[in-house]
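Pasting a structure here, questions to come.
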Amino acid sequence: MIVLTFSCPDKKGIVAAVSKILFENGANIIESNQYSTNSGDNPHFFMRIVFETESLRGLRNINKKLSEFSSVFNAEFKLTDTSVKKKAAVFVSKEDHCLYELLWQKSSGDLFFDVICIVSNHNILQSVAESYGIPFIYAPYRDNRARQEEFIKKEFKRLNLEIDFVILAKYMRVLSEDFINSFCRKIINIHHSFLPSFPGAKPYVQAYQKGVKLVGATAHFVNEKLDDGPIIEQDIIRISHGDDISEIKRKGKIVEKLVLAKAVKFFTEDRILEYDNKTIIFE
Amino acid sequence: MIVLTFSCPDKKGIVAAVSKILFENGANIIESNQYSTNSGDNPHFFMRIVFETESLRGLRNINKKLSEFSSVFNAEFKLTDTSVKKKAAVFVSKEDHCLYELLWQKSSGDLFFDVICIVSNHNILQSVAESYGIPFIYAPYRDNRARQEEFIKKEFKRLNLEIDFVILAKYMRVLSEDFINSFCRKIINIHHSFLPSFPGAKPYVQAYQKGVKLVGATAHFVNEKLDDGPIIEQDIIRISHGDDISEIKRKGKIVEKLVLAKAVKFFTEDRILEYDNKTIIFE
Amino acid sequence: MIVLTFSCPDKKGIVAAVSKILFENGANIIESNQYSTNSGDNPHFFMRIVFETESLRGLRNINKKLSEFSSVFNAEFKLTDTSVKKKAAVFVSKEDHCLYELLWQKSSGDLFFDVICIVSNHNILQSVAESYGIPFIYAPYRDNRARQEEFIKKEFKRLNLEIDFVILAKYMRVLSEDFINSFCRKIINIHHSFLPSFPGAKPYVQAYQKGVKLVGATAHFVNEKLDDGPIIEQDIIRISHGDDISEIKRKGKIVEKLVLAKAVKFFTEDRILEYDNKTIIFE
Amino acid sequence: MIVLTFSCPDKKGIVAAVSKILFENGANIIESNQYSTNSGDNPHFFMRIVFETESLRGLRNINKKLSEFSSVFNAEFKLTDTSVKKKAAVFVSKEDHCLYELLWQKSSGDLFFDVICIVSNHNILQSVAESYGIPFIYAPYRDNRARQEEFIKKEFKRLNLEIDFVILAKYMRVLSEDFINSFCRKIINIHHSFLPSFPGAKPYVQAYQKGVKLVGATAHFVNEKLDDGPIIEQDIIRISHGDDISEIKRKGKIVEKLVLAKAVKFFTEDRILEYDNKTIIFE
């Protein structure tokens, strides 16, 4: 099946036009979602359509017609084949729970993507990578981020890795603006707080000291500002006065791994559109 | 705005055909959702579209074209004007929390519908009805359901009430199959358990005796089988061993009123389609 | 029944000592909770005990013995008769949902306290107060907080109100440090965000602009710093990209009223102890 | 630290008596919870106390005094050293998610217990057992339960396993009453529905056909009646009309593994008391 994601300034007749293109080229719509921002002067339109095609020729024609249509309507669109796995580089540090959840959901078929390498600034999780037969890139130079990132990029090249997106599965290190920009593909991070509460370091300690009654986790795309990219998914878990910091961490880890896995699911199924530093999620 | 709900046996090109009808008659699609059951041999298609029209003539034409289309595709459809309030008869017994929640959400603008009468087999909540200026029908003959229901139907006629749907807001009495059928409009009930657990009488006592860790509430359409109609909405709340039956009831009431209000919201906004004794909810 | 709340620097034998005092004076312990902060150098101990007594003399003796004990152990304690309703002044502005929830839970017996006056800087909710037979204090001078608060305090005196605690049920105005201090009793506020996210004005607008996937509400004690007092209770509700600000507000109001009611329940049942700008809640 | 769990017919002075015994033998109470069933004619009292002791002699004396006390008060009590890991036999079938969650929470220190063998009626998960260095018992005779259970018991003996409790981590087979009784230690099962809804086979299919809006999981002790033992923990996850059976299973698995892990946590920390086919959980 093919997923079409599509967005443009809102105008009358877009749905009719796009579904006509699909229909006339033998596509069968399985699922479809639209959304339009009504607020403000410039409403914007978003759409995700899942369809089947009978022939490659039909698909090529759809692509051509949508390209023509898009240049007129100032639209952006993407066609993705759901049978092709997206390839992820997973960055970790010392903690394993997010990595294990991703690997387990992957192997059980709940997440459909490939982990083509695991990158870490520690070698603690090397054995996990090896037991799954995944290349492990240990990045030294912990005291020199520029050198470290340079090393990682070289390893990507040396191993000839074609990375579709990066998952920061508790990497615990801020990537340089340069790395983010030069890398230029999607980076999903899990932050262990309910953003915008407690950005930056040690959110659970902050949560404990503040005396909140719930702690949360936030999966978001990474941009050049720390913990400020478009939010993909959030969830929380109840804590009580009786929970000390280690118990808060323990409860939080459960939420972290589930929120990250859900964000990866949305991404790998092309359910996320971005606009105005926010996300539209077609669940 | 107009809401179109539409369902038919699934075939290729339905979305294209319907959106073409809308577009050619000057409609602007604001929101749209589709769903198709893939399971089994006979996939069925469901759609809800919200659109604006420029003229009444355009709308009339849309209705005409959809009728033609529907007879060919064996479809059912409905066009509803969102500016027209649906009219509800609310049935209550002694408890007031569901009634109050509905009235409050109505008066605050969160629910958009009219309560045109309150029916009860007790007169305890008569003063509530009066303080809101709503006709109150006290139905006597508690020991004779047939006479009681006859009385209610006569009162509906006498007061010249045009009822679009009925809300059983803790009516605590089973309506006769005859009443349900003869009445022939939609009836929404709130049952104070997580169905299919604990149908029938005293669900909280059953829940207490069973020692469950969560209690729930279920809003559903009423059919001729007790507590077995299509489920519209459910939610739960955590209880503990320390909660006795009265505390379970207290916690449960919070869930009951919110679940019922949510079901009424779905219904009044034409978000519910029914199929195979289940509901499709386009949220 | 009597509720004993008790806290002191943690030492061995406190539970044994206190329960001995209760036992020797004919008390029967119904429910009991303890908690001790283990973190840091100075562990602190907290306890809540519900007990029955046979005689007033027994209770007086318990009070005497606990006083002696407390001066030795540097403890604070309080004995409260659960059959005596606490008296609240409820401050509101234009919105009614929190007020209605409190009044409904009160009248249904789920909350056990008295609302002895409703204070507002608008007269919109005067009719609600009147329909419940509760004195309504309309506080003019909206442009002069000092005069306004002076007026309120005078009205309290004039009406001879003995207020045990204040509930800010969406008062939408910051009380002066002077009022908070001079008033010197407990003030519970509901803030419509998941603090510490979005303190101050228009949290739902902030939440919308940030693109969070959950919005929350926080009930807290008021101190001299804005939205920074000890948190009593928090909860959240899921929102989506499709919810505009008015829909976020609508969903948020449901959480606000339930969180505030829960905090009031904890307070009226003497389940809250404070320490280090945080709360211990014995549920 | 030592955990005391204690229950008896409710009488005045129990807390005072027990805490006196602890205090006089040098124990320092860290945490304490009590609960008394008030309903009915025969209130029953439950208590869990965590304490430190200075000497083994003190602990022995506490044990002796509690024994004397218990024979008078008709009480049951248990003293457990929290530094000793309980030993579990984990029964699995084909699915791995519950097993992986237990092993991960164990290795991360969130669960404190030992898995001393993994039993299965399939050999699919043998490699998981081996990679963790845990003895794997493959039980043949799938068509003959009596022979199969006999085989398992012999293997337990042959391997000289001292099992404290059994975890049925999606074993998908009903144990014989004989096995349950002869085995005589605690058995925790995870059932993939919100009991008492959908007991027995294929609960997710039942849930799908019924059209419920939430699916759940239930961890419970096993007794001789199918899916009817005391419930330890339950939780739910929201599903929608769009989720087919495989998606419901996928979502359900997340809840299953978390609910089971939570029940195991309660059990290993001696937080569960049983009474009247229900559980008291001192969280």
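Going in written order, the chains are labelled A, B, C and D, and every chain counts its residues from 1.
Assume a residue touches a chain if its C-beta (ideal position, glycine included) is under 8 Å from a C-beta of that chain, and two chains touch if they have at least 3 such contacts.
Values in this document were obtained by computation on a predicted structure and should not be read as measured data.
Trainee: Mind checking subunit A against subunit D and telling me if their interface is mostly the same residue numbers on each side, over half, or mostly different?
Mentor: Result for this pair: same.
Trainee: Which chain maximises the distance between its CA centroid and that of subunit C?
Mentor: Result for max centroid distance from subunit C is chain A.
Trainee: Can you check which chain pair, B-C or C-D, has more C-beta pairs in contact?
Mentor: C-D
Trainee: In whole angstrom, what separates the CA-based centres of subunit B and subunit D?
Mentor: So the centroids are 41 Å from each other.
Trainee: From the mean C-alpha coordinate of subunit C to that of subunit D, what's the distance rounded to whole Å?
Mentor: 37
Trainee: Find every residue in subunit D that makes contact with two or more other chains and list them.
Mentor: Where subunit D meets two or more other chains at a single residue, that happens at 31, 35, 38, 242.
Trainee: State the interface residues of subunit D toward subunit B in the complex, per the touch definition above.
Mentor: Interface residues on subunit D, with respect to subunit B: 35, 38-39, 194-198, 210-214, 216, 230-236, 240-242, 244-245, 276-281, 283.
Trainee: Where on subunit C is subunit D touching in the complex?
Mentor: My answer: residues 12-17, 19-20, 22-24, 26-36, 38.
Trainee: Of all residues in subunit A, which touch subunit D in the complex?
Mentor: 31, 96-97, 100, 104, 108, 110, 131, 242, 250, 253-254, 258
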